[in-house]
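Structure record follows, encoded as structure tokens.
In this document, chain identifiers A, B and C correspond to the written order of the chains, with residue numbering beginning at 1 in each.
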């Protein structure tokens, strides 16, 4: 053996692994084609479309009142907020003014939905990192919100509660009492969540320094929602372009200058507290009034283009309607938050290991039906 | 020197955080008989409760004289987003008023296609159809998912509508 | 305390009076083999159902409760199901290694079970290098895992098996140095029965104060790593890449891997009890003679299994609370934290013994 043989670099070969559509950690049906060198990731290639149901095409066939039930199934964890988005777009186009009672009810339901979504995210994150008990704790608390929804709305997951012009029925007489009981219970449970996972040294070591998104990258790739607020980008639609009753409540926009997965995690935990504060301010002051404004049986929007954006639990959802005066839209497009958040996955996971990829995907909080529509 | 202090403080703080986490699960373990929330279905079918607005399946309400409130106006069929309702009707001369009106033959409901959006219930002017609580809809044969909602031999009754509208 | 060597001596006498000594030895071997296989099977069954029930209580739910009262026969039903399953394997597996791998992981725990003292006079293989034997034989288990990963002809199994091999080889160092040698310094003998008998004045975890407590903590951590449990279980509960090194096994071969994990956990707990918590000795509080006399009446195997179940509960508590570590963090923990601390602990313990500062 000559000395040049000994001094040559050890050559390794990269190989392709398919993290397939059926996977315990992929949050839905997402196919990722990973190029790995040993344990280190060199490239991530997402392959979408396994749950595409052509919702936007179906919206071109349905009337405006029938579109609302399809938006339930976009990002099914914040279904109430999706319904609100389409109803607000139609109401702004027709220039209808909804009563105050409707605004308060819609805001309270939206914040409850955001709480439920963040609870499920916390449970799934614990399960992906390995703490299996966190999943059960999160679902126990989420069941209480589901029970409240079942009493007022009638459904537990696909709510379909808002209609253009108001809400479908009035709130149940027991609604206020049950929401107050739930908030009291959850204020005691949230510190338990923090002690179980957030302050755990193993959890911190798994998440700190992983998946760093810089401020410029977050703006360039269009990341929105808690993922962007974890890098210091101020983008909360509820603060910047308030809608419904958000201009009547005081709450803080949670911003953390940091950019790694642990900061995104803490942003969502603090957002849960802010949601509880918002509900506290609104629940006792719901004004009396009508719960629905009379609209014509067949709504026709004037010709033109209309856009409305709302803040779902994942980021900024935009609804863009192009109307040519008929009873169905000519084209309806959803700007989904998950699609833009997914585009940054390749850049931030290079150089990390496979176990880190699972942690990054959890912290970005995808729901795949939102991406594929 | 700083690294040495860091080394030991990391171990001690880490150990304390782990013990606190164990305290939470330990507390729930000790309190577990009172906190168990498992419902032992199907043994508890008799005591299951649902909220009154729960949407499980569509049904048509009949009273004791086998009368219903559906006058075949087809509003629900128009409003349904994906065609889960089919109303089969024919025209007849009403013996009381002498005018022509629609009479319901069969009210076909495709349970397999329904999205439970509740628009048909909201749209019905006579409150003929409502959502019930029968959630056990699993069947072995797909043809059982196409249901006929009006019972055989039942007729529309204006009296029934007048007495119960708005309840 | 009742001395079980009287009972075993009586059986030996009775058999020797009936037949020549060679046959007596053979029959005793067969008898002991049957007893240990039965113990292995019963331990596996009981531990699985206990783990599932305890997991349910941690998580606001009932565990299995349909098959038998409190779900007692659930594992029996599972084992019958696994026995009746078809043994599927892919085309290109390395036939000999694939079939031989499960036997390695079964034989290692069985051999170790032979040297553990279960009670006064109840040790199958009472040799004077007992502890050394345990350390040596526990390294055979890792060969089974590596063979399973390699012979499966599957990328993910190979990754899982390699990770497991790295972890087990590293953690054996700390286990041996800190935990076991520290206690051997106190006792002066490697014989497991001597170690238990030397704790009659008090358990080592109390008498050995600081070095013994550090040794106990390090032993529990390395014990969980050796058996591939959370927080060190990224070889099998990989929610990242499938089921790990036993992905290609089905039926009874999978049952071997599965049961051996639980029996390994029992062995780790049994060793902890023997070395630190007094083995089969009853709880004696110095000064309360009446209490001590009552405690003496309870037979020694019951004390042993009681103490072991406390340590097993501790290991299960870890599993359902903590997240899991990444592979490089596991190796960092071992080489940068546990190994230096256990070396320092060993020196400390030697110093303490030399100065006679033991209670």
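A few remarks follow.
The rule we apply is simple: a contact is a pair of C-beta atoms (placed from the backbone, for glycine too) under 8 Å apart; a residue touches a chain by one contact, two chains touch by 3 or more.
Being a predicted model, the structure only gives us computed values, none of them experimental.
Of all chains shown, the one whose average CA position lies nearest the global CA mean is A.
The chain pair A-B and the chain pair B-C differ in C-beta contact count, and the higher one is A-B.
Averaged Cα coordinates give subunit A a centre that lies 46 Å from the centre of subunit C. For the pair subunit A and subunit B, the distance between C-alpha centroids works out to 26 Å. For this pair, subunit B with subunit C, the centres built from the Cα atoms lie 52 Å apart. Looking at subunit A, residues 133, 140, 196-197, 200, 202 sit in touch with two or more other chains. Touching of two or more other chains is recorded for residues 18, 21, 24-25, 37 of subunit B. The set of subunit C residues touching two or more other chains comprises 58-61, 320-322. In the complex of the two chains, the subunit A residues touching subunit C come out as 15, 17, 19, 24-25, 39, 126-133, 136-137, 140, 196-197, 200, 202-203, 205-206, 353-358.
On the side of subunit C, the complex with subunit A involves touching residues 55, 58-61, 155, 159, 230-231, 233-234, 237, 239-241, 320-329.
Per the touch definition, subunit C reaches subunit B in the complex via residues 54, 57-62, 317-318, 320-322, 337. Residues 62, 65-66, 68-70, 133, 140, 143, 147, 150-155, 158, 160, 168-169, 172, 192, 195-197, 199-202 of subunit A are the ones that touch subunit B when the two sit in their complex. Residues 11, 18, 21-22, 24-26, 28-29, 32, 35-38, 40 of subunit B are the ones touching subunit C in the complex.
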